[in-house]
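Every chain is named by a letter (A, B and C) in the order it is written, and numbering of its residues begins at 1.
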Amino acid sequence: METEAVKDYSYQIKTDAFEGPFHLLLSLIEERKFFINDLSLAQVTEDYLSYVNKLEKQDPSEISSFIVVAATLILIKSKSLLPNLNLTSEEEGDIHNLEERLKLYELYTKLGGNIKSMFGKKIIFAPLERKNDFLVFLPDDRITKESMMTFARDALGRMPKKVFLPEVEVKKVVSIEEMISRLTERIEKTLEMNFKDFAGVAKTKEEKVVVIIGFLAMLELVRQGILHVIQESNFEDIIIKKNNE
Amino acid sequence: MELQQKIEAILFFKGEPMSRKKLAEFLGVGQIEVNEALEKLKENLKDRGIVLQEKENPASTRGDSSTRGGEITLGTAPELSGLIEKLQKEELNKELSKASLETLSIILYKNGVNRSLIDYIRGVNSSFTLRALSVRGLIEKSLDPEDSRRYIYKPTFELLSFMGVKSVQELPDYELVNNSIESSAQNLAEELQAEESQNDANL
Amino acid sequence: MELQQKIEAILFFKGEPMSRKKLAEFLGVGQIEVNEALEKLKENLKDRGIVLQEKENPASTRGDSSTRGGEITLGTAPELSGLIEKLQKEELNKELSKASLETLSIILYKNGVNRSLIDYIRGVNSSFTLRALSVRGLIEKSLDPEDSRRYIYKPTFELLSFMGVKSVQELPDYELVNNSIESSAQNLAEELQAEESQNDANL
C-alpha cells in the first residue's frame, strides 16, 4: 500500500514536468542546443512521441493537445526520411505554422524569465484601507432578502465545474487520426517505390528494414494514442465545459 | 533612499497617525534624525496636494515639539477640502455595482468569510469591492481567529435590520446556499493543498 | 491650486485606481489638461517615497495615447519594498507556476490579449490558469473593444505592483518586443538570448 502510493506520486511529478506540447518540444530542442526549424523538429520527433506515449498511459485526458502536435511532427519526420513524399499545401501550412508557434512560445518563455526574476522582489504597495472617521450606513434599495439570494445563487452557479476539456482540440483529433492513417498508407507505398531514397539514412539492407519498421511502429503508437482519446469521448461522458467567455 | 522618503512612504501606506517615537523605532534611527527628516518632508510637500499634519500630544506638553512625541500623518492640502468633500459625497452616493451586490450576498450567506473564498467563488479579486462595501457601513472586517494573517468579513448589524432579519439564518434558502458555499470552501482548500504539494515536489 | 496638486490629493484620498476620464469629468477639465498635469505630477514624484502608476487602455482601442485613457493610482516607491513589507500584515503570495509565468508574460508584453491568442501561443488550454490568476488579482478581463463577443485579459495594478514597475513600458525588453512584428519572433528570441549571455558574462 505504502510503496504503491509513493510510486504514483513519482509518476505524477513526471507527467507534470511539461505544461504542454510546446514546452516539451522546446525542451527537447534546447537540450540539443538546436534552433527551431524542420531539421531540428525531425530530430526530436522520436523522443517527443515516446514521451506522449508514456503520458497517454498515465493521463489520457491531458493528451489531446500533445497529439495535435504529434501529427505535424510525423509529417515533418516523414518528409525528412522520404524527400519524395509530396505534402499537400495544407500539410506544408501545418508545418510552417508549428515552427512559427514554437518560436512565439520560445519568445514568451524567455520574457517569462524577466517576470520570474522580478515578481515580488520590489513591490509597489497600495495604501491600506483608510479607517472610517465617521460612522455611516448607506444601504441600497436593491438589497433585499430575495435579491441577495439570487445574487448568491448566480455567483455559485457560474463557478466552473471541475472538468474542463478543450472542445476544439478533441474535434481536431478525429480528423488527425484519419490523416495519419492516410499518411501511413502513403508512406508504405512511397517506401515500396523509392527504397533507394533511404540510402542516406541507412547503409545496409538490414538497417533500412529497421528504420522502416521503427518508423511505422512509431506511427502506430500515435495512432493508438489518438484512438484512445476518441474512444474515451465516445463511451464516457466527457463534460465539455462551455466557458462563460 | 533618504529618510524623508521612507517616512513619506510609511505614512502614505498606513494612512493613519503615527508617533515620532514609533517612526524612529521602526526605522531604527534616533528621534533627532526623524525630526530633521520630517522638516525636510514638510518643506518638500510645500507645493503638493498632500501635506504633513501634526497632532500634538496633549498629555505631554512639556518640552519642545521634537521631544514631545506628537502624532503625524499625511492628509490632503487644507485648501482642497472643498474638492475632497465633493469627491467623498459622490463616492457615497454612487449606486452599488453588481459586483458589490454579489459580494455582499456571499458575505450574508457565509457570515465570517475570508477574501480568498469570495475571490474563488466570484473568479475575480474582490479587494476594491470589499472596500466599497465597508466604506458604506454594510460589512465589517476583523482578524480571522483561525489565521491571523488574514481578515474575515461579516454583515453589519445595521444591514441585517435594514433587510428585516435578526440573523442571517432567516435569509431565504439559507441552509441550501450556505451549504453550497461551504462545499466551495472545501474545494478551495483541496486545490490549495494540491498546489502546495506540487510546489514541494518542484523543489 | 494647480491641477496636478488637485489630482494628487484626489488620488491620495481615494487610495485606489481612477480613470483619466473620470478625473477629467470630476475636475471639469479636458483630457489633455489632465494628461499634462499627470506628466508634471510624475516629474514631481521622481525622488519621493510615493510613485504614480499608470495603465493604458489596451492598444487595440483606437486613438493615440493622449485620448486612449487608462487608469492611474498612487503607490509606495518600489525601492522601499522591504521596508513597507514589514508593515504589511497580510500574507503575500510570491509563487508563480510555469503556466502562470507563460500566461503573465503574454498578457504583460501584449498589454491586453484575448484568450484564443493565449491558447495559441501556449499550445494548451489556459482556462484554469486564467481563472487562478484572476482570483489572485493579477489579471482582469473586460470586453474586447473590437469584438464584443469575447474578452481580453489585461494586467492589473496589482500585477504591475508585484513586478515593481510603474507601467508596462518599464518592463525589460518591452520596447524591443512591441516594436517588432510578430513574424520575426525568432530574431527577437535570438536577440534576447544574446542579451542574456552578455548579462551572464558581465556578472
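Note that contacts are C-beta pairs under 8 Å (C-beta built on N, C-alpha and C of every residue); 3 or more make two chains touch, one makes a residue touch a chain.
Please read all numbers here as calculations on a predicted model, not as lab measurements.
Comparing per-chain C-alpha centres with the mean over every protein C-alpha atom, the closest match is chain C. Compared with subunit B, the chain whose C-alpha mean position is the greatest distance off is A. Centres computed as Cα averages put subunit B at a distance of 23 Å from subunit C. Separating the centre of subunit A from that of subunit C, both taken as means of CA atoms, is a distance of 29 Å.
Look at where the CA atoms of subunit A average out and do the same for subunit B: the two points lie 43 Å apart. Residue positions of subunit A touching 2 or more other chains: 125, 127, 129-130, 160. Shared interface positions of subunit C, defined as residues touching 2 or more other chains, are 15-16, 74, 76-77, 79, 84, 131. Across the interface of their complex, subunit C is touched by residues 1, 4-10, 12-15, 26-27, 44, 47-50, 74, 76-77, 79-80, 83-84, 87-88, 90-91, 116, 119-120, 123-125, 127-128, 131, 149-151, 198-199 of subunit B.
Against subunit C, the residues of subunit A that register as touching in their complex are 19-23, 35-36, 65, 69, 100-101, 103-116, 118-127, 129-130, 160, 164, 166, 169, 241, 243, 245. Subunit A meets subunit B in the complex at residues 9, 12-13, 16, 125, 127-132, 135-140, 142-156, 158-160, 162. Residues of subunit B touching subunit A in their complex: 12-16, 92-93, 95-96, 101-102, 104-106, 108-109, 121-123, 131, 134-138, 156, 158-159, 162-165, 171-173, 177, 180-181, 184, 187, 198, 201.
Looking at the complex, you find that subunit C touches subunit A at residues 15-16, 51, 53, 73-79, 81, 84-85, 88, 92, 94, 96, 98-99, 101-102, 104-106, 108-109, 115, 119-125, 127-128, 131, 141, 150-151, 157, 160-166, 171-173, 177, 182-183, 185-186, 188-189, 192-193, 196.
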